[in-house]
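Okay, got some structures for you below.
What follows is subunit A paired twice: with subunit B in the first complex and subunit C in the second.
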Partner chain A sequence: MKKWKYALFLCGLVVYFTFSESSSAFAMHIMEGFLPVGWVIFWWLAFLPFLIIGMRSLIRITREHPELKLLIALSGAFTFVLSALKIPSVTGSSSHPTGVGLGAVLFGPWTMVVMGSIVLLFQALLLAHGGLTTLGANAMSMAVAGPLVAYGIYRFGKKWNISRRWTIFFAAFFSDLATYVVTSLQLALAFPDATGGIFASFVKFAGIFAITQIPLAITEGLLTVVVWNFLSTYSSRELTQLERGV
Partner chain B sequence: MIRQLDTVAYDNRLRTIRPEQKMIFAILLLIMAMIGSWKMQVMITIWLAVWIIGYARVSWKVYAKALGVVALFLIMSLPALLVSLDKSFHVSIDRSQIFTVMSLLSRSAAAWSCLFFLLVTTPFPEMLHVLKRMKVPSIIIELLFFTYRFVFVFEKAAEELYVAMKARNGGNHWRHGGMLVFQLFQKIWHSYEALRLALWARGVSDEMVYVHVGTYNEKSKRYLWEAAIGISLLLWLG
Partner chain C sequence: MKRSLFLLVFAVLLVVAPLLFIHHSDFGGTDDQAEKTIQVIAPHYKPWAQTIFEPPGGEVETLLFSVQAAVGAGIIGYIIGVYKGRANQRDEAK
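And now, the complex of A and B:
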C-alpha cells in the first residue's frame, strides 16, 4: 500500500471516529437520495404489501372504535418524540431510542407498521432526517422488520412462559438489531464491494454501524424493561385496555 | 430543532405561494436529481440554496445546521464505501469507488435540498390539504393531522420533564431515561383520556379533521416563471 493511501485511510478513520464518538447515537435512517433509483423502486414495491395489510387492519379497527384513531395517532407521536429524546446510554454517550419495540408490544405489530411509516414520514418532512425516496427502504427496516421481530419474540416469550422482563428486553433489543441489520443489508445490496462483493460490503456497513447501534440496542432493551415495569406497576388498567382494544 | 423548522415553515417569504405549486416543483426536481447527471445535481443543489436562503429568507445557520445533521450519515458510510475488503481481509482503496462516492455525494445533496426546500417553505397542514385534494384516504389524513398536533404537545412535555430531571441532578443513568419515558407515557395517556371523553361527549363518530386553507398571493407570477425557465434550462444543460 502506498503512503498516500495510508494517509487517506487514517484521515478517514480520524474523521469517522470524531463524528461517531462525540455525537449521540440516532437510529440509522438512510438519507434522501442515497440509494440509486432501481433500489428506491425495489424497496418501495417490497414495502407496499405490508403497508396495505397494515392499513386494512387499521381501517377495520377504527371503524369499530373511532376513538382508537386518537390512540393510534398518540402512539405515533409517542414514537416520534421518543426518537427525539436524549437518553443516557450504556457507553456514556447519549442515544435516541427508536420506541419501535415498545410500540409493537403495546399497540400490536400491524398498527406499528403504519405508525412507523408515518413517523418516518414526519422525520423526513419535519426534520429532513431520512427521506421520501428512501422511505420505502427505511420503512422496511424500521416499520416492518423491527415491529415484527419484537412482536414475534413477545408472543414466543408469552407462550413459553419466559420471564416477562427478559422477553421485553429481548423484544426491544432484537427489534433494534433487526432494524440495523436490514439497513446494513440494504446498503450492501445497493453498494457491493469492488473486490469482495455484497458480503464484504455487508460486513463493512454492519461493522461501522455496530459501534453506535449495539449500545443503542442494549440501552433500548434496558429502557423498555424499566418502562414496562413502571407500566405494569402503575398503569395496569391502561395495559389491559390496550390489550382488549388493539 | 423540530419546532425551529416548523416555525420557519410558517414564517418565510415563500409562504404565500400555493402549496401545490411548491410540492410539484420540489418533486419534479427530486425526480430530476435522482435520474440526472452530476452536473444537473450540482446545479439543483445551488439553485435550491438560492431559493431557500435567498427567496424564502431562511437563515443560513438553520440551513447549515440541518445539512450538518444529515451529512453525518454520509460521513459515516464513506469509509465503508471507499475502503474495500477481500476474502483474506486485505484492505485497499479502489479508484473506481471514489467515482461512486462522488456521484453519491452530489445525488444525496441535490435530493436532500429538494426535501429541505419543501420542509421550510410549506407548513405541514398545507401539505395535508394537497394530499386531501389528491384523494388520499381520509384515515391517513386524520392520523397525520392528529400526530402532527400531538408531536408538539409531547415534545414540549418531554423537554419540561427533561429539564426537571436535569435540575435535580439526574439523567446520568439509563434508568433515569426509563423514568422519563414512563412519565411521558402517563402524560400522553391523560391527554388521550381527556380527548376521548371530550369527543365522546360531543357524539363524534365520523371525520374529525378540518384542514385549513390559507390565503395565497395569486398576482405575482415571478417565481412561477423562474421555476419554469430554470427547469427547462436544467433539462437543456444537464
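And now, the complex of A and C:
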C-alpha cells in the first residue's frame, strides 16, 4: 500500500473516532430466557439441519484427510480465543469478535458450524453468556450466518482475483458484522416495536450496535490475516491442498 | 513477518483508541444493554429460563474467560510451532 493510502486511512479513523457518539449499544449473544418459547423452538429447528451437515462434513474431512486435523483444531482454537476477548469499542461498551471467518475460509462454512456451536455451548454452560434456550438462535447467527458470509466473500474474492490477504480480511470483517446483524434481526422479530413494528425494532437493535461492532470487526479481520500469514509461510502445503478442495 | 507485526500493532491501536477517546464509561457488555432495550420495547416480558450455572462474581467470570482464551492461544501456538518445525525440517532436508 502506498503512503498516501495509509494517511487517508488514518484520517478516516480519526474522523470516525471523533464523531461516533458515545451511546449505549448491544450485540453479542442473546441472553438465556430472552427469546419467547415459539422463537426458541423455531431457531432450534432451523439450526439442527445445519448442525447435522456440519458434523457430517467434519467427520468426512477428518476421515479422508487426517493430516488436516491440526488445521481444524487451529481454526477452532482461534474462535475460542477471539470470542473470549471482550473488546472495548468506540460506543463506550464492549463486545467480542467471533473468529469463525478463518475456519470458514479454510474448510468451507460447514465445519465452522460445529466449532462455533461448541464455543457457544461452553459460554452458555460455564460463563452464563448466551444460554441453552437461545443456543439455537445464537448458533444461527454466529455459527451459520457468520461462516456462510465469510465463505461467500472468499469465493467472490477468488473468482475476481482480489488479493488473497484483502479477501481474507473482508471475509472475517463481514462474517463478524453478519453475526450481529442476524442477532438484531432475531431480537427484532421476537420484540417488534409497538408502533413501528419489526423494522423499527431492527433499526433500534442494529443501528447502534453496528458502530460498536465495526472496530471489532476490523480487529478480527487483522488478526485473521496475521494467522493466515503464518499459515501461508509455514504450512503452504496444507493450504494448497485445501485450495484444490477437500 | 514485518507485515504481520504491523497488522498486530494496528489491531492493538484499535482496541486502545476507545479507551483514550472515551471517558465516563465503564465499557459494559453490550448484551446487558440488550436486556434493557428489550425491557423498553416489551416492558411486560419476563425471561422464562435461567442460566443453569452463573459464575459467582466478576472475578470467577474473568478467570473462566481467561481460561478460554489461554486454552485457545496455547493450541494456536502449539500448532503454529508444529508447522514451523515441519517447514524447517523440509528446508534442512533439501
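Simple rule for what comes next: the second predicted complex is superposed on the first by the 176 of 246 C-alpha atoms of A that agree within 3 Å, B and C clash if a C-alpha of one lies under 4 Å from a C-alpha of the other, contacts with A are read in each partner's own complex, and residues count from 1 in each chain.
Here is the rule we go by: a contact is a pair of C-beta atoms (placed from the backbone, for glycine too) under 8 Å apart; a residue touches a chain by one contact, two chains touch by 3 or more.
All values reported here derive from a predicted model rather than from experimental measurement.
Colleague: Looking at A:58, would you say it contacts subunit B, subunit C, both, or neither? Reply first, second, both or neither.
Modeller: first
Colleague: Which holds for A:235: it touches subunit B only (first), subunit C only (second), both, or neither?
Modeller: Both: A:235 reaches subunit B and subunit C.
Colleague: Answer with first, second, both or neither: which of subunit B and subunit C does A:203 touch in the superposed model?
Modeller: first
Colleague: By the touch definition at the top of the document, which applies to A:118: first (subunit B), second (subunit C), both, or neither?
Modeller: So A:118 only meets subunit B here.
Colleague: Mind working out whether A:219 is in touch with subunit B, subunit C, both or neither, as first, second, both or neither?
Modeller: A:219 contacts both subunit B and subunit C.
Colleague: May I ask you to decide whether A:70 touches subunit B, subunit C, both, or neither, giving the answer as first, second, both or neither?
Modeller: Touch partners of A:70: subunit B and subunit C.
Colleague: Overlap of the subunit B and subunit C footprints on subunit A, residue-wise?
Modeller: Looking at subunit A, the two contact sets intersect at 13, 28-34, 37, 70-71, 73-74, 76-78, 80-82, 84-90, 122, 124-129, 131-133, 187, 191, 193-194, 201, 204-205, 209, 219, 222-223, 225-227, 229-231, 234-235, 238.
Colleague: Residue numbers of subunit C touching subunit A in their complex, please.
Modeller: The contact residues of subunit C facing subunit A are 1, 3-4, 7-8, 10-11, 14-15, 17-19, 21-22, 24-25, 27-38, 41-42, 45, 47-55, 61, 64-66, 68-69, 71-76, 79-80, 82-84, 86-87.
Colleague: Quick one: which bits of subunit A touch subunit B in the complex? Just the residue numbers, please.
Modeller: Residue positions touching the partner: 1, 5, 8-9, 12-13, 15-16, 19-20, 23, 28-34, 37, 40, 55, 58-59, 62, 66-67, 69-74, 76-78, 80-82, 84-90, 97, 102, 114-115, 118-119, 121-122, 124-129, 131-133, 187, 191, 193-196, 200-201, 203-205, 207-209, 219, 222-223, 225-227, 229-231, 234-235, 238.
Colleague: Okay, in this complex, where on subunit B does subunit A touch?
Modeller: The touching residues are 1-2, 5-6, 30, 33-35, 66, 69-70, 72-87, 91-94, 96-97, 100, 104, 107-112, 114-116, 118-119, 124, 127, 137, 139-140, 142-151, 153-155, 158, 162, 171-182, 184-186, 188-189, 191-192, 195-196, 199-200, 204-206, 208.
Colleague: With touch defined as at the start, can you tell me which subunit A residues reach subunit C in the complex?
Modeller: Within the complex, subunit A touches subunit C at residues 13, 17-18, 22, 24-34, 36-37, 70-71, 73-74, 76-90, 92-95, 122-129, 131-133, 187, 191-194, 201, 204-205, 209, 212, 215, 218-219, 222-223, 225-227, 229-231, 233-235, 238.
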